[in-house]
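In what comes next, chain A is part of two complexes: it sits with chain B in the first one and with chain C in the second one.
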Partner chain A sequence: MYLNRVHRTFPKLKKLISRPQSQAALSEQNEYSETPEYPPIVDTSLQGRKLRERQTLHQKIKEINTVEEKQIALNMPKYYGWKCVMLNEDKVPYNAMPLVQYYTRSHFIPVDKLPQYYEEFSGSADAVVQEIKALIEEAILIENCGVERTFTTTVDKPENSQKEDAFAKCIVKQINRIITNNLTDKVEHALTSQIDYDPRHEAFWFVGGIDPSERLVNWRKQYEWLKDRLHEPVDRPVQYIGTPMLTIRNRQPLKPLVPYSDAENPEFRVPAVTHVPILTGYYESFRHGTNIPGYWPGDLDEFGLLSYHGRGHILDRKESFGPQDNLEALHCQAMKASFGWLLAQANYQGFTTFNDITYPLATQTVITNGQLWSLYAYQLNTIEMHHDKVDNPKSNICFGTKPLKLYDSIENGKVQGLNEDVLKMLVQFYLNAPEERDHEMKPYLGQEEQVVADIEDDNRRCWLEKRYKHLVANRPRHELLPETYLWEKIYKIKFNTRFFEAKRRPFELGINPFNRRLDEHLPPYIPKALRPYPRSRKTFETTYYPKV
Partner chain B sequence: MRLSQVLNRQHIDFMFKKHWLVQGKRIPIDTGVEKHLKAKGIKVEDALEFIQGEPEKRERINIVGPYERPLPLDRNHPDYKEQPCYTLKSTNVLLEGIAQAQVLTKTIIAENTLPPNIEELAQVPAPSAIHENIKKAILSANVFDCEQKKLPKIKDPERPAYNFPRILGITDRRRNQILTNRLLQLVEKSSDSEATLSKYVLNDVESKTVFEKEDDLLQFQDISHILVTSNKPVKHDVEKNVKFTEIPDLYPVKHTVTLPPEHFYDETSKYPIRPSVSMRHPHTTWLHYNATEVGNIFETPVTQQQILGRSLTHAFTVASSYAKQLHGEDVKDLPEPIYINCIQTDGQKYHFGVLELNTLNVDGTEGTKNVWYCKNDVQLYGASRYFSGMPVLEHYNNKVYGYINALYNC
Partner chain C sequence: MSTRWYPIYQRGNPQLRVFLPNFWMKLVRPESKQLPNIVQFHCSMEMTKFDIKNYLEKIYNIPVVDVRTKIALGKFRRDVGKGYVIKDDDIKSAYVVLPKDMKFEYPDIFGSKKDDGEDEQKALSEAKKNFKNYIDRNKHRTDVPSWFTI
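Let's turn to the complex of A and B:
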């Protein structure tokens, strides 16, 4: 700038100043090679370009350093949130098992006793069962007829299922207390594990290969270039929400139940269920996708060992569904809960639905009402099942038992027929020790920065922390969602009766307001009095959205 | 074309505005029905003549509805009792705090003193692994738990009408629940199996005691957030030469002040565990102080003295309902004292107490009295929260665990 001005004033100066640092371009450098090096041939069709766009997005998400930023990045395309298929833990419609299996890629193996892997704990479990048998019987007795309790119920769920869950929770707390107290001296992980009551479990992922809705097909019909792609399958965002009664988690993960290579076993492939999810009975709602395994990023005990769930929702199902479907509903609940929890844990390790896990994770799930106990062991092998990875050869594996009776009945103040096998299986779950893995656990997270709390820049750290918590809270918006009013549909869209009015509404301008990105908003205004120095031109505060 | 026609058709507000005008000018149209009917020989009656006679009288129908409506809770209710019962619930506090509690329960206080066996046990140092786990528990209760519920409104006394953004976070109920349960789990894990096998842990059980004091009927209803019971009653050796705070004179305040009188009540006391259970003797009762749930009936802020008063009335409720189950409803002086340990906490501050229940005859200030040994305001940690985006735990006090452990193991 300065030099320029000088040059203009003294035109000959330019010639006088020598340029010691500049050199002539190397003319001898060989521009030719033996074999010709062509640039890669890229697919320039619309689909090809879109695919490359998506792949860049996935790569960008992979390169983000911290867990929280990755979660914000997943939600970046949608200001108003994704239209998610809601897989609630306690809502299982009729014949939902094929859909749940496909959406979680879970191969279900019905078993009568725990898989081979648990054999090694068999001996020690027997000894523990003999020690705690009497205590468990006493606890069941006290909870059933020794304590007067008043459960407060809410109106949003049926009363009998709430009561059953509340009772089951009391029994589970007692049994958990007896077993952990007994095992504290015997196994190391009993002392170091954390026990949570009613944690918040949420998980979010994309399932590809789902049929388009009729509405989408109709929309595609209006465009010439979509004529031959009318029924092309689409991605569906899926959100799982559940609340276990009690969970146990530890700093180290459980060992995998079967070798990781078994994940690609073609026998384990899950048949595709591509119909629109609403046909099964799963509805959709707008929300930001959240991955929460019961604690915020930064807690060191980040691998789940065991979770207990209630089965009160079975009482709310129609009688005409029959016992077989009720059994399948329990399997569905277990698969959803296990997959959801493990997926959320995997997200805290830096993997997302676009970047598959590099090692398997395992968890154990128990569904009970105090008397009936179903036990499940689950191994997570893959979490990548979006549009471009529909043919992912890996599948997850779930072993599960039928509901087994822990005791037959209570007569004359005594527990009749305590089933020691069930108790033994439960103790085996507790004895299954987590172990340190010899590979890198967080390959896609930064070296120094793994969670937002590690970030050094104060402003960026505070902003990201606040934004992340606000996003995952999914709190209701201050302003109403954009809407096309009914009168507009009649007088403006169906019949063009108001041609004389100025066109200002989004549908008149060809804008879909729901395609707004998360960062398309005005940042907070800085009042003049608060600006760093009086003539500062910085009118709005900085935002630190991840650049994806 | 007149503009109003278009407006009428398309502007919904305009249409409603003009609707009465349009409707007011309606002219009956001759539909030709009368002619048709006459042709078929059916008699046509004028509508105006038809309505001229007296309307037929109908009986009033008693509509039952989906369920029988409950009777209004007033004097005419069959369960209404003339004598009011002054009720203290766990969401209410006494106006005069610990002093009023002393009068109501006829208790003398040994300030800052716990029975010697507890003090001895409390000095035993705990392994560092336990302290690490407690720190984990504090952090997970205050920082790492994922509950996002509405917290109380923030008010600035300088400008009371200003609305601050509502913060979502961990409620005090959930924080206390997590922290106390974790602490108890840790105590149990580090105790001998003898101690844990002889105890039983219950969550959220309700005790109720009804008693008379100077011709007034009183009842205390209280929830033990954690109730540890044991297979034999807890015993303490108490020191004789302790300085006691005597029962104060509340004049001009009466001891039932701020206890709302109720006319619907049950006259029997209730201890939550049935006598058939072997592990039914109350050992330690944990009481949470949730600032959002507990308050004065006149909405003034709760004072420190009132919080301390809660501990005493709570311990008295559990102990006396147990005593009544043991010795009958009308027992006065107990054959041998009943001891109960009590821990009240708001997460940060811990108030430990041991109640020696000697009598249920709480009239006057003379004769046998109950004794309350207490050690108040022990702080577990200074601050624990997200401080500028980072989880923080400040000023952890490792002495508190010793007392909790001592109360469990004594």
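Let's turn to the complex of A and C:
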């Protein structure tokens, strides 16, 4: 009994001693069966094995319990972050529409009126418009003529587009205030919804079937076994970043605009754009993939209803692009913003780019500068478009109008020609009530643990919370990335002129820093004075990275 | 435009009138698959995006929507005789975006080389045949040099 206390090696010794007298218990099952049971035949080729590796990864991510851990798991392979194709809300290159449509799998339907789905709110919207018309006119008038404002502008964007966005934000705030105030006693969700100003919208996903870059093709050329796979398409991580002026969100999701079965309609398929994105005017950046719909996991109002975006970036576009391309740029902005927001929301429901959503989500997007309003309704049917799911038959659907004038001009202190149709459409967006769904919303999250805050273990919960917030903050690393200097590239890699020197640099030891995994670092050291009494040998703190 | 100094006119001096600009642009085959409305050029290092746009618009009447440039590092190689490492000049590439309804395909200047290959094969087999004949003819005179033969 006291032997355990005599020496700490004793329990270990006990384990080592074998038990020669013991016998294996007789198995009850008969090992013979009527028909022979063979293990499944698997594809043992390199591609087959790699495919199975990816599938197990996707399965593991699916089985993780909490939202935050899933997000960390998405970033596990890359310590220095993914080399993402950056889709910014307000940077739209020339002829961007085909690429944006393919990367978000969005079928765009240009409309003059809102789709059929909004018909049911038509009557009540008319009544509301008559009530708020005068208030809206007054608000527009005050914001245009009655306020003298000084905007503080930053240097990273052109001044005129910043000014336009700032002005549009004032108008949007007023109009939102007027409409929600009017609707509070008419519809239930007007009161229960939350309003965010300038939230942070980020979304991360993989797009498969993209052509390899020149550099990758050259890299493949050096290996014999890659000879017939030189131009094999690759997966590209994509990161969307946007900041709406104002968003409204609720506990319940919006109803889908079209039936979910329509998602597989072959008419909605988007033509593939497989060109290397940097050649078509996009840039790449190393960063951790983040999915943030403007709130942290665990917030109860987790479904978006409406988001307002500025269109100041249109002023910054070159004159040679022409008005038609500017219109397409607005559509691109709407598709990116809607898809990005819905994807981030879907991620908070436990779906990721590797585990497709099981039900459709919808949102409404408005792009405005105060006078011109374009309205978009978007339905998210699929978020899975990575390398193995390039042929995904589902596509997302976006309905969108042209920019419509809310009013013609302001003359003699009066708003001339207020367009009631535009106002009506906007009110219809507000009247579109979210509804509780009768299916399970979070099939891939745990029963008890859905977010990190639900975890009982204090150490694990605090560690994960801290790590997740640090990861999605995308702060620059404390230590710089190991760099291969140009002189090393010339005199050590290309020409072996310094063969007599000791090989100590990472590239000489065959280490590719970009293949470092997220958990390949020393955990924080526990000073001896802080270790538990007596004699703890634990030198480093525990890490709780998801095991994928 | 030119980056060469234009001498300031002095009264009585002979005036230089003709200047060949040192701006040049070379149409090149795109490195990888490119959108049909994007054309790739190599150009003079001194040219800016505006220069490129003006060059194409004013001289060749090409509608240019956008120009993107990059400077690619020249290749490093060993000097053949001396053995030390030397570097080729850097290259400025310009990606010129045409309106999206326009298409440009890099011309196939030299045509297909299929016929030339057949001719070469024919000549080679002819030579092989002649050599075999020669060997057969002289198989009993192995000690006689080739120039002393019939």
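Definition applied: the second predicted complex is superposed on the first by the 514 of 548 C-alpha atoms of A that agree within 3 Å, B and C clash if a C-alpha of one lies under 4 Å from a C-alpha of the other, contacts with A are read in each partner's own complex, and residues count from 1 in each chain.
In the analysis below, a residue touches a chain if its C-beta (ideal position, glycine included) is under 8 Å from a C-beta of that chain, and two chains touch if they have at least 3 such contacts.
Note that the structure is a prediction, hence the values are computed from the model and not measured.
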- Pick one for A:T497: touches chain B only (first), chain C only (second), both, or neither. both
- Contacts of A:D211 with chain B and chain C, given as first, second, both or neither: second
- Task: May I ask you to decide whether A:S307 touches chain B, chain C, both, or neither, giving the answer as first, second, both or neither?
- Result: neither
- Task: Please indicate which partner A:T382 is in contact with in the superposed arrangement: first for chain B, second for chain C, both, or neither.
- Result: neither
- Query: For chain A, which side has the bigger count of touched residues, chain B or chain C?
  - Reply: B
- Identify the partner contact of A:N95: answer first if only chain B is touched, second if only chain C is, both if each is, neither if none is. second
- Item | Interface residues of chain A shared between complexes with chain B and chain C | 491, 497
- Message: Per the contact definition, I'd like the list of chain B residues that touch chain A in the complex.
- Response: 10, 12, 129, 133, 136-137, 139-140, 143-148, 168, 177-178, 181-182, 185, 188-190, 193, 196-197, 200-206, 270, 272-274, 276-277, 279-280, 386, 388-391
- Query: What part of chain A is in contact with chain C in the complex they form?
  - Reply: 93-95, 211, 213-214, 217, 274-276, 279-281, 318, 320-322, 325, 490-491, 494-495, 497
- Item | Touch list for chain C against partner chain A, complex | 31-35, 37-38, 64-66, 68, 76, 78, 85, 95, 97, 99-100
- Task: Note which residues of chain A are touching chain B in the complex, please.
- Result: 135, 138-139, 142, 145-150, 170, 173-174, 177, 180-182, 184-185, 190-192, 194-197, 199-200, 292, 294-296, 298-301, 413, 452-453, 455, 458, 461-462, 464-466, 469, 472-473, 475, 487, 491, 497-498
